[in-house]
Amino acid sequence: MATTFQLPIRIYWEDTDAGGIVFHANYLKFFERARTEWLRSLGLEQQTLRVQIGGLFVVSEMQLRYLAPARLDDALVVTAQLQAAGRASLTLLQEAFLRGSTPDASAQLLSAATVRIGWVDAQTMRPTRIPGPLLEKISPCFNPHP
Amino acid sequence: MATTFQLPIRIYWEDTDAGGIVFHANYLKFFERARTEWLRSLGLEQQTLRVQIGGLFVVSEMQLRYLAPARLDDALVVTAQLQAAGRASLTLLQEAFLRGSTPDASAQLLSAATVRIGWVDAQTMRPTRIPGPLLEKISPCFNPHP
Amino acid sequence: MATTFQLPIRIYWEDTDAGGIVFHANYLKFFERARTEWLRSLGLEQQTLRVQIGGLFVVSEMQLRYLAPARLDDALVVTAQLQAAGRASLTLLQEAFLRGSTPDASAQLLSAATVRIGWVDAQTMRPTRIPGPLLEKISPCFNPHP
Amino acid sequence: MATTFQLPIRIYWEDTDAGGIVFHANYLKFFERARTEWLRSLGLEQQTLRVQIGGLFVVSEMQLRYLAPARLDDALVVTAQLQAAGRASLTLLQEAFLRGSTPDASAQLLSAATVRIGWVDAQTMRPTRIPGPLLEKISPCFNPHP
């Protein structure tokens, strides 16, 4: 069972829109930040991967639900949890929670996404296999021959 | 059968990322622009709706597929097509195409989304019924008693 | 005397913030779009310049004034006017106007910027001379030996 | 002498552009985040100010210099330092540094800005006096009758 990576994110003016709430597209930025920090927590820096291995992850599919709005100054926790690892793509569950105002208050789910990211060649942007050593760091339990 | 609204969109530096392609979250901006211009083409300005009727549309669900990347200076056409109209929400199919470099060249599908937008009260942000006159402009064939 | 290039820009949800107005950083996007379209009007596509000449323009200095806010659905005109052309940089005056609601209404100045852009090598990002043929297209009256 | 507030900021995909560097407009977001956290460090939450006092700070002028680019995964420190406090506006010096890769490495200045923010009425967006108790928290040494 994969652990759930958590990243605290603060809501700034840049994130909001004239409706007084966080603009819906900006949750994709929050989810991306959480994926990036999750990879960094595994020792994987994407700029380094791109230069040294010549590949990068790109989003290929996403299912999104927006349940409640966030507002200026809100403190969020955004998660990333690996759901499945294939030879050329990974699937993650990602959620954005509003942190309760007291330590023991339960967090409120604001948005949830299932995100599929594929590994592509940095030059051609074509899908290609995730390099073995990279996949091992991401998914130690991955079994290519189940 | 609903017609397909089309909006031309040019790719600028702001839309791209260090991968050399359009950052995936920015397609949600393009889709939102197309929904806004589709509403405007029906005589509906959202700022006016908000002030006069006290409500606004917010995205509640989205399914996204990314098929091919767009790059700086690319000319896109982004569509909005009403798929279903309910009492409190609308569902649209939206697609982003890369315009062919010649008039008779076929356009390439870059990204597709099914988007559900709900009508909410501007103060409480709670879902509420789309006002009748508004729904009639959006969906002349809508039948509340099928 | 350089002519003034004009680009119409519509304000969308993505441009606004919870103050109900256009987020101040987004005017820099509008000014950039106007510079890009001004260059395109001179036959210069930046993606092509980067691939074929190996250089790009980057902003090196900017003085900004914000005079009045823009809001959702507003129709703006954003300008670009060459003020000075040096061997490695250009200086432009750029302004954002709110279009009057009637054709003969005068436009209101919302924001003004003096922008210095420098030509840099795409690999090293170091300042370098603007290639002669490029400078001639941008500034036909440029005199390197005044 | 005002102290310098510091905020660490990480560069994500969303911040970069196809030039491989941080898009110039995004430094304004970083500077805004630092101003917001500086105000928060003084006990001032802007959402609360807006609801309770009915006012907000907006940027009225900015002078910007871009000295060196930041890239994906870079770790920055962004500062905010009060330079002057008037009755209706504040002036801050803000700088963005690239953190050295070792603790004792000196940081590199990437961008610097002088920012003037004015206090406006949240309804009319017109400039108005900064409320006394607010100004006292921001600028304890402010002398209205020099």
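Letters A, B, C and D mark the chains as written, and numbering starts fresh at 1 in each.
Criterion: contacts are C-beta pairs under 8 Å (C-beta built on N, C-alpha and C of every residue); 3 or more make two chains touch, one makes a residue touch a chain.
Quick caveat: nothing in here was measured; it's all calculated off a predicted structure.
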Longest centre-to-centre distance from subunit D, chain (CA-based): B
Winner on C-beta contact pairs when B-D is weighed against B-C: B-C
Centroid spacing, where centroids are CA-atom means, of subunit A and subunit B in whole angstrom: 24
Length of the line joining the C-alpha centres of subunit B and subunit C, rounded to whole Å: 28
Rounded Å distance between subunit B and subunit D, as computed from the means of their C-alpha atoms: 34
Sequence positions of subunit C contacting 2 or more other chains: 13-14, 18-19, 21, 25, 29, 32, 47, 71-72
Overall pattern in which the protein chains touch one another (line/ring/star/complete/other): complete
Residue numbers on subunit D that touch subunit C, as the complex places them: 18-19, 21, 24-26, 28-29, 32, 47, 50, 56, 58-66, 69, 122, 125
Residues on subunit A engaged by subunit D in the complex (per definition of touch): 10, 12-14, 29, 32-33, 36-37, 40, 45-48, 50, 71-73
Interfacial residue positions of subunit C with respect to subunit A in the complex: 13-14, 16-21, 23, 25, 71-72
